[in-house]
């Protein structure tokens, strides 16, 4: 799955075969090889003093891991799960000790808590943590988790490792250890090629396209970890302009004239992409957006508005379900009347479902539904919930960050994907510094969603 | 105690008084102010989403802390100890949950363990961890621990926080996050002045003295943390030369001719100093020495020998105690005979004790004792133990690292301190790459100490 | 012709229209505008103290120049030629002064020489020199010379400026001011895209092709000027391998396995390209190759051989001419006999000329001629001269540098261009450090060309 | 005189004794060694192709030069003067050629001019220029000129070389090749120690004093040449504050409170020092001050006023001379009357001269003269001239730069030097961006000096 590239340093370390390492390993990791590997892992747990051989041992484990097939990796994880779990007897002993101490003696209580805490850190966690000392060790662990996420989907019993690896990576990629850097056309090609590879929202089609996205009226920022300098962790693409953009094709068009950044008043976040599969679920996007807002607004005092141009990935799925259940009742009378003027004889819900399933690249057929559908999008985004969370994942992300829903744009993304998932609509979420924290509290606390007057009008219209 | 310098960034953040921060605080932290602070700390524990005000809140807490007197700080720690401890009821609930799950269900067990683990992370730990996001946050926490170590000496009930802060710093200063950099006369003055300030073993008397220690036949290496770039964590000073040095004054003499590094065969570690009081007990020296050995030997193939020129800080204390208990019996007959030739009428043990207490800066009076005293030093270093550990702390450090005892040097440090603590003797510990790991294992396992033939001869002579 | 990109700094400077600058200028520079420009140029010659307005004036001139058409530029150069020439009356006066001083008085003689020297530096030289102070000023002058070289081809009277501009650039791009940097996949895209644009010998077809040329068994070095950091001046591409490469397609093949640099014994210079048209005739290639040899051989001790894989651009032209004049006499009897075995009835010279004019992409038709043609190539490279210079420009370049002719390779470049200009042959020039200087002296002094035994055998064979 | 430090690179190059270099040279350079050196210099003039041996030859010459005594250096310069001068016969031939061409043929004329120009560049110039290619070559030439300036003071016949070396350094240190960098406490010690060494105006007494001068309300800027990165060329020290400073001791006082740069409104240039004796007479100060004004005013919008706090080095000398010639007539009647109130019986001019010769460190005795002396200082600074130039060298420097005389400060420098050369007065020159160019033109053109109303009042008062 994920590819781990061992650097020269590792390969040459291995060369230190004088330590008895470098054996040929069957990539499916049969029992014999498991035994060898298990031995290495156990030695890692020994004293941590023998720096040199201990480093060589880690390199050897890394080398082996990188050569494994999917099947071999599964057996490797299995080994970690079964043989390097914490010792429940020990845990129980320490629980008992804690319970008998009570509050009698402060010092003893501290020790008892420490001891229990220690016993809950599994041996495999301790081993994996050591990889941080190797050049490329951080990348190795990130890619290992990418493998694990893929493999453990079908094997719930590996969750136990997943918990350890996530805990470890959360600590290793603590926000305090990250640097936010701007990426420009002056950045190394080795980093730029990763933008092309990882851009998840609106594909970068070529180096020329990339260069356009790094033009003087664009900005791109990424988090980097100091021990993974060639690897962006997450990056956001920003377009400077006047007014809040309402169409992604126009925004990405190479032939559009370049705006002088000093004349712009708005920054549009039009794409945010995780670049490391192995960091899934470790939330960095929120911090990134906030830091970009802070940085851009301090460098370009003229930028007053920060907003996104975002997809609505779950809308049509939700709409079809709703249409299936409630039929024409989802429309307001006025809307139905308008629609029937054009589509007199047809079954309106069915027609709409058909349009969703076989989308055009323009809105010719859809136009008659536009006011109804936009209202329904507003309903979907502000009222469709799963518990307190907005149902739409992108909406949930931005509402959690403290953004508000600013505007729903008709025919904002005419790509097949755009037409399919949201009938071409895109949405602007607004990051207003003065209300971000309050919005966040409201949403996190009670699920309250903030939206603009424009959206309110959409919801009210009848 | 430790001084925390808030950078401009912090001060200006505070300026954001529009958030209601920046109140005048009494530096002794009376009840009223404790209440305000307690409120801030509690808010930190709330949602972590409101990035901006949450950051401002941390800065506010930092600002307050930095203004406190020792008494105020004690009250601050008291507050953390009493009000931000973990919740034992919660811990007990989760213990119960874990015990009832048993091994029935893997997923539930993982959750139960996770839950228990989480409950053992105290609220104060969570709050302090957040400081990592601030510019200078790492330095802030390190200096806070320096304060705490000082204050908690007299107040055992603060150990509970000490445990949290140490745990946190261990994770934040994981060896995988450190960079080893060479320090030269080309390094920024802001770093060099810290060498002068922190050198613990052989004081640096002036910038001129420092420049001499960074001359072309000297090297200095330090660990830095990427988030504390102006602050060395620990540094080691190395002298290149021919043969293993046996005298520190000569080695530090500015007027000694400079050796061409390409003609040297030996690297002497003549000083290793912790630069951060707040990182006491978080072991970095071992890694530093090993990395220096690796680096120097790869850059200068001509350097074949790595050794220290180290003090023997505990020798005279031990010797006096032994003399007190055993008197003249500690000498061999041959030794006594030699000594008596010169000191016929005197009480030998008493004479020696007097010499220890009122040391000369030369060895004129001591000379007659030299063979006895050197043998006793060898005994002290190789046989005096506390459990499996060598009694002498410097010896213990190097033996733990895998070094062996190479040589004991008479009149190697004629400074008052040197004369006082070890009668002028210094010691070479040898770092021989091919046996480091083995030595380490032997010492860590069974307390076995490795030494050279020279030392063996000293021990055997009678 | 050459495009000058004014940076933001310039544009904004212009913004300082408060200085009365920024007028609309007709890009063909009619008389009216010439007058304005002439005024500006004259002001530049005034005192050099008014730094701020003087800088603004230069920016204004630069802005105007960059907006000109070819025709406008020609008028600009005309203006410099006619109105900013040195003053022959002044020169004559100073000649007279020098001649009357004689050797009477040393101090007066020095002054007289200085005065004459000064009078030979033209006003336009002094003006253009000032552009060095502007950001991008160096690039501006380089591009101006590119324009001038193009325009002056048809207008000999502009040579007078060409002399000044070349003199100026030679001084500004003195070898002592250049840095040789390695270019890797870690270099900024803004530099890498220039490799693609400027590669003159073997076109780089894509970013993927470029990445291959920067793989671990390849190296690329360029000269940079400190005031033109984004612009390589000249670059050379090197392939590491075993033995001297004899085929360019194979060498550039993306699918060839990568060699470990530590296992290679040879470095092949397979392309050297000037990146700045405006620096034509200012020789840098010689220095670049020597520095690369020094650098690579010090970093990779295993590389023992340095050679090129070079085109023979003038061969077929020379051969056709020779065939035209001398006909079949250019072949040795043995060669003719061999050829006639296959081509019995045909007119051999005519057949060969036809083959040159309509080359195949393989050597099927040529094969029968191969030994004759290779011998003739050896004759061409070692004996065809123009004065003491080798007729072939590439050969002349490498012989001047002190290289020797090592080998002639049959079917080494099957591209249309390669087949056309040298019937697919390429040549290796050897850079043997121990004889470079001597070879250079021999060639520079008496035009003596050094070649290998292999080439000697080719020449001798009959 | 100046010390040239050959770097490792040079020393090791020399090691390449296989080229026959490295002979022992007598540091006084007797005839025999002169001959060897002369041979080397002649070889330098040969072809420039043999890069490797040619570089070695330069290093050899450099090594020899650096080992010479003052006497040896004089002989070295003598050699350059006598044997490497240009060829007057050749010059005359080319003059003749130019004169016969006339204007007949443009191309021939260009060639004739070029040829004459070339013939006026001396062989020694060509040789010295080559040193630019060596690491440290730029510093070598700068230090050589420092030597030469010292030696040629007593030997006018060496002027001929001085002209060449100055010409060369002017071209090598063209303003377009310099970088202005800020120097802070974060700068390398190797640079900071040079500030201490070179500060010419107000001595830096210690590293602590230096640190104070680099505090947050101070700034220091220097020009650097890219090929002399560890060597500031010229630096200026700036103090930020409120209002124009009038006392240097106060300004340098370590115990003065630090001003927040964002609250300051004025930048005071209180010291500007050349750091390279060998660049004397090559004017850089003007550019440096202008660039600092530009930089500081763009970074700190709050700084509105730029002025100096400058010494008046020639005042007392001028005053004594004037007193000698004109006696009491130099005082206005009103002034005399005032003075006589205190010093009734004494010879006023004589009293003042005595005070100048035996200055106090306070103004107790002087006070009575203050209004007369301040008026005379205004006269000295604005009216005492040598041709169009202001007599006072510091005044001339700032007036040339376009500054105006803003204020004369009584008791502004109570150091012995300050009391002695200007009776404790210091002066503020104002750099007002909007009038700098105009002031400069007025002064450069007609010697017109601009001054403030305050100064005008001083001059007018009677």
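As written, the chain order gives the labels A, B, C and D, with residue 1 at the start of each chain.
Please note the rule applied: a contact is a pair of C-beta atoms (placed from the backbone, for glycine too) under 8 Å apart; a residue touches a chain by one contact, two chains touch by 3 or more.
Being a predicted model, the structure only gives us computed values, none of them experimental.
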Which chains does subunit A share as contact partners with subunit B?
none
Note, CA centroid farthest from subunit A's centroid sits on chain D
Approximately how many whole Å separate the CA-defined centres of subunit A and subunit D?
60
Subunit B-subunit D separation of Cα centroids, rounded to whole Å:
50
Indicate the residues of subunit D shared as contacts by at least two other chains.
none
Graph class of chain-chain contacts, one of line, ring, star, complete, other:
ring
Output every touching chain pair, sorted by label.
A-B, A-C, B-D, C-D
Contact footprint of subunit C on subunit D as seen in their complex:
47, 49-54, 86, 91-92, 95, 98-99, 106-107, 109-110, 113-114, 116-117, 120-121, 129, 131-134, 137-138, 156-157, 159-160, 163, 171-172, 174-177, 226-227, 286-287, 290, 294, 400-402, 433, 436-437, 440-441, 444-445
Subunit C - residues contacting subunit A, complex:
185-190, 192-193, 207, 211, 230
